[in-house]
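Below you'll find the structures, each written out as structure tokens.
The same subunit A turns up in both complexes below, where it pairs with subunit B and then with subunit C.
After this line comes the complex of A and B, so read on.
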């Protein structure tokens, strides 16, 4: 009897390759023909935020050592914009400047250093216009958003209530608070890189370039290049972090591929770190205002959530912070949200790390803490008092929801009962000590589109599970193997897996915390299909001992075929019939069984902070998060995801910020010293506990998504703990020491 | 990075002979290589001094002698330094990252360039990088910039933690050039920006730091380096305090105090030292002594918190030191 690996602490199957340096990231690939070394490209970016290029002197660059070609709006590559997939313009195709840090030229040279040196010799003259950069001052745009996204504004009113204003006016306790969050960057460790290589007759392009959606990235690159999607293969089994920055490809891949086509030679392009901050998308700055109306005993009557998020003129993302927070988290009879936009001349935005929900939950869960203060209720009790079993304005419930247990278990594990409600009531030497909590909620269901996986059974009794999902460091490749081993009933060590290659069946996108919940059923379907194929071989192959047997008489159990009085491992059967392997590809897609449910994962965060009473530094000293994400597939990888999410939350609360100069459009930070994310010294042991209760609807295993859950609400828990420690409510992120002096 | 000539001399005399105008000495490379990649520094010549015999951490009757090529991590780990000069070990340990400390040299640390984002970005004006072009930091993002010793030409903060501790302890720097050797006090080694922020110290073209001497004192062993910043590692100081006290019972016989993160050079605070002399170590004495610490400060739009933070940093450092007595 084989013990299923599902739910256990499983080391990443690619862990050894990663820590020994054997894993190849995009810029590590050599050209396929050793005789043809790749040329190296380097980008030149704009130094103004809005206007146009009047002239560009590339003579010195063109004549610099090793330079092969300088591409610019005056020596174009002919790329096409693909509206709806990333930015709405193609670089080097016109002279317009849309933001500071925009690609305006690309130098290709024999060596990367030569390309970089020559890029510095390009001289550009501009006709400059005043950029529109102020989130506070530029006009609000009623949001329309791209097609397919939820309505950006909505009002739900209880019968007889004329307006949200009336509902708020009728509330005994009203809390209103405004929040500001600055620009934030995904800052994946691997800078965006590509090796682009065409075959000899330029009919097939291979891209090595990290992607969260391999097939989509290949397709978008193909469209930008004007070739058929089938002509592009993207290979990126290792990706040094996505965090939303690799949902759509930026123009790096298309630029390198277009140059490679013109030069008839492989081209490698690696963004300099400072270029990653403007060529790659960020999370927009956002202002939010939340108004809560409640009874004296804390029963919510009305919530209004208004947001003004920056949207770049170049696209592509429209932030909607209320949709999966205020609109679903609590039982509220009257709710209104209005998610407006402010168009600015800033670099593109992307769907960064719980893109809507992290900012939305910071605002909502901070406001809830303020309501707890205003009503004198314990923050946990307040949340339980407003517990939702259906989404506001609907009779639609959840596939599975145990958030109430997350609150209770979390409070117990953390020692919440020791908290004193009055701020500044715990002092330890130089330090003010406070506790705070907040809820986490994030969509946890499956992708709506079909997701594929393939399983190959081999004559050595091993199996290979393949699906072109992306492993951005999440453990997706390991999850394929775990799910395959579980379904096939064989030990994990006999299962290998592969992902991140568009030659494989189209897998689940690594976005929106959907990859695990969507991959699991695809692998289950592939198990069923490959077992059927194995049985078919067994009954039809003349050398098989079961030749001629009715296929209905055979069963597959734990790696063996059984029936007609005999049993045989699949490897021996394949050896017997002279086949190296048998394989099958299968597709899974949610059916009518998921209709009528909301799918969310839930959690409760509890946090202790210390704030120095002399110098104000806030330091997180304890953190507990209890998670309801259905059944856990790989406890170790899931814990890592949650720990990472909480760390993002701590950075969101205390550190992350890239100030924008309102007159020039220049971002203050262009490296990982100045753009601060937490370091080890900032992070205490983080206690993660999974309820591990299977979701009866989402898929057979009962596993929902959890990738982004940890980053939702964790910033509010930190801020609420700071309030408890100091009595200071900071609604302007990040909460730095100068705000606490 | 532009083409440059590269030499690796084995003797100090050879090194200073090879050096001249437009020369950069290469030790740990943790500042120089970065800035060359960014085109901020474009030396015509790079003289790698790592083969020079400028090593050694030695304690004798005169004090602590450290060779210019000693690595930050080695000095921080040295037993004598930790025992007799704790603030030096602490300042080193709170600097940069372990990887950088393993590479960066003591001489290089004293000469590291400012982290002002405009200095490091060649697309912006900077009087320190390109004299006469202007100072973008005055109207730009300046939360981390200096409030003391600034001028209309430059508000860049001196980045070194070590230099703050060394200035407090009255350290001397040993220099060599083609014209011979000389020794200067570290406090006088650094220049205020004035109208020439590109001139950061008294080094002559091609002159090389060979080592430092930190004098013996009655206060160095009772010292602390406190660094205040947004995150707990791998960040430059918003403020820092190097405080050393000579005690007589519960009374402060004398104090040596310098501040970092606030000045265009490591900032000695003699008025605070005087205000503490002969006084008991009480919160009231500390509060009153630091009142003048930020006198003359010229806060910028984003760093108006620094004068108060500086005073609080000093009080906290004094409190820590008094409590650990």
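After this line comes the complex of A and C, so read on.
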């Protein structure tokens, strides 16, 4: 009997490649013809935020050693804008400047240092216009965004309640608070890179370019280049981090590919780290205001959640922080959302990890902590008192929800009962010690569209599971193998897997914490299909001992075909009939069984901080997160995802900031010393516990998504702990020491 | 954001100054209309330098531009792409290698400075199929997710243990803080190093 690997601590299938340097990321590929050296490209970016280019002197760059070509609005590559898929313009196609740090030229040279050196020689003159940069001062645009549930601006009122104002006025306790968050950057460790190579007659393009959605990225690149989607193959099995920065491709891939087509030579383009801050999207700055109305004993009656999120004129993403936080987290009879946007001349935005939920939960879960103070309730008790079993204003419940146990188990593991409600009541030497908690909620269901997987059974009794999902560090490639081994009933060591290549069947996008829940059913379907194909071979192949047997008499169990009084491993059958392998591709898509449910994953965060009494320095010293994400497929990789998500939240709370210079549009930080992300010394041990209760609806295994969950609410848990330690409520992130003095 | 930011309005870049005196450090008057003029001196070709270095136990001779970093030389001349470029300015640690057994940031090390020295990269850590204990521990503790920072983390960790500086978890955290991991594997990295150093002793 083979033990299923599902739910165990499974080492990554690609771990060896990653620790030996053998794993190839996009900039690590050589040209397919070893005799051909790729040319190297380097970008030039704008030094004003709004206006137009009046002249560009590229002569010196063009004459610099090794330079092959300098592309600019005056020597165009002919790229097309694809509105709706990333930015709404194509670089180098006009002279307009839309933000500071926009691509305005690209130098291609024999060697990377020659391209970089020559890029410094490009001289640009501008007609400059005053940029629109102030989130606080520019006009608010009322919400009319894409349809959703709830609508970006909507009001749900209990019967007989005339308005949200009336509901708030009728509440005994009202808490109102305003929050500001600066822009944040995904900062994937692999700078965005591409190797673009055409075949000899320029009918087929191969892109090595990290992508969270391989097929979509290839298609968007094709549209920008004006070629058929089938003409582009994207190969990126290793992706050096996503976090929303590789959802749609930026223009690096199309620029390199267009240059490669013109020069008839492979072109490598690697963004310099400072360019990643403006060429690649960020999480927009956002202002939020939350008003909570409750009874004296903490029963919520009303919430109003207003947000003003910065939206770049170039696109592409508008944050809606009330969605999936205030709209679903608590039982509230009266709710109102007003999610507005503010158009600015800033670099593009993207769906950075927990794009709506991380900012939304920081605001809501901080406000809930304030309500706990105002009502004198314990923060855990307050949340349990307002526990939702259906979403506000609907009768729609969840496929599975055990958030209440997350609170209780988390409180016990963490030692929450030792918390003292009065701030500044625990002092340890020069440190003020505080505890805080917050909820986590994030959609955890499946993608609506069909997802494919392929399984190949081989004559050596091994199997290969293939699906063009992306492994950005999530463990998706390992999950393919685990799910395949589970379905086939064979040991994991006999299963290999592959992802991140558009030549494979189209897999689950690595976005929105949907990849695992969507991939599992596709692999299950492929197991069914390949077993059917194996049985078909067994009964139709003249060499087979089962030739002529009714296929209904054969069963597949744990790697063996059985029936008609005999049993045989699939490898032996294939050897016997002279086949190297048999394979099948299958598709899975959610059906009517998912109708009428919300699919969310849930969690409860508990955090201890120490704040230095003399310097104000905040340190996170303990963290416990208890997670309800259905059944866990790979406990080890899932834990790493949660730990990483919590660390994202700690960075969000304490470190990450990129101030925008309001008269120039210049971002203050363009490197990893000025834009601070957590380092090892900032992070304590983080205790993650999974309830591991299968979801009866989402898929047969019962596994929901969890990649973004840890990022939701963790910043609020830190801030709430800081309040408990110091008595200071900081609603303006990041919570730096100067704000605590 | 723009290379010309660093070049300044004089039209002289740090790079061309480093280029060996071919650049002329004179201010160039701004052209009419506020356009920045082309620099007086163009980037000059520089005579390559021969560097004899031992890389992962193998003697190697390369001819390099004296301005080129060890990182670019490893990746582009020697096809050792396991060493990663995360920031190219010494802030992320992804490019960490060993030079004469000590950990260095190869993006801040000029290739010419490793002449007659021994360089070890992530590709040179395992003995054939047998992984270094640190590599094995990173796999078993899941001290990696996307894996891009991992070569630098592993090389930094091996260097730190060899230097005798991994006596407590807090010391590991402190001395590994030059290696950024955005996926957030820090607790697993600490656990992996703690495991591996017991085997390395």
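Remarks
Assume the second predicted complex is superposed on the first by the 736 of 741 C-alpha atoms of A that agree within 3 Å, B and C clash if a C-alpha of one lies under 4 Å from a C-alpha of the other, contacts with A are read in each partner's own complex, and residues count from 1 in each chain.
Note that contacts are C-beta pairs under 8 Å (C-beta built on N, C-alpha and C of every residue); 3 or more make two chains touch, one makes a residue touch a chain.
Because the structure is a prediction, the values reported are computed rather than measured.
In the superposition on chain A, A:408 contacts neither subunit B nor subunit C. In the superposition on chain A, A:579 makes contact with neither subunit B nor subunit C.
When the two structures are aligned on the shared chain, A:666 is found in touch with subunit B and with subunit C.
In the superposed pair of complexes, A:617 makes contact with subunit B only, with no contact to subunit C. Contacts of A:645 after superposition on the shared chain: subunit C is touched, whereas subunit B is not. Of the two partner chains placed around the shared chain by superposition, subunit B is the only one that A:737 touches, whereas subunit C remains out of contact.
Of the two partner chains, neither subunit B nor subunit C is touched by A:331. Counting the residues of subunit A touched by each of subunit B and subunit C gives the higher count for C.
When the two complexes are overlaid on their common chain A, residue A:28 makes contact with subunit C while staying clear of subunit B.
In the superposition on chain A, A:120 contacts both subunit B and subunit C. In the superposition on chain A, the residues of subunit A contacted by subunit B and by subunit C overlap at 47, 113, 116-117, 120, 666, 670, 673, 678-682. Residues 1-2, 37, 39, 115, 117, 121-124, 139-141, 143, 228-235, 238-239, 302, 305, 308-309, 312-313, 315-316, 319 of subunit B are the ones that touch subunit A when the two sit in their complex. Residue ranges of subunit A in contact with subunit C, taken from their complex: 11-12, 14-25, 27-28, 30, 42, 44-47, 54-55, 57, 59-60, 63-65, 100-101, 111-113, 116-126, 186-191, 238-243, 270, 272-275, 277-278, 472-475, 636-637, 639-641, 643-648, 666-667, 670-673, 677-686.
The touching residues of subunit C, when paired with subunit A in their complex, are 1-7, 11, 13, 15-16, 31, 33-39, 42-45, 65, 67-68, 72, 75-76, 79-89, 91-92, 94, 121-123, 125-126, 131, 135-136, 138-140, 142, 144-151, 154, 172-174, 176-190. On the subunit A side of its complex with subunit B, the touching residues are 47, 113, 116-117, 120, 430, 612, 614-617, 619, 654-655, 659, 661, 663-664, 666, 668-670, 673-674, 676, 678-682, 734, 736-738, 741.
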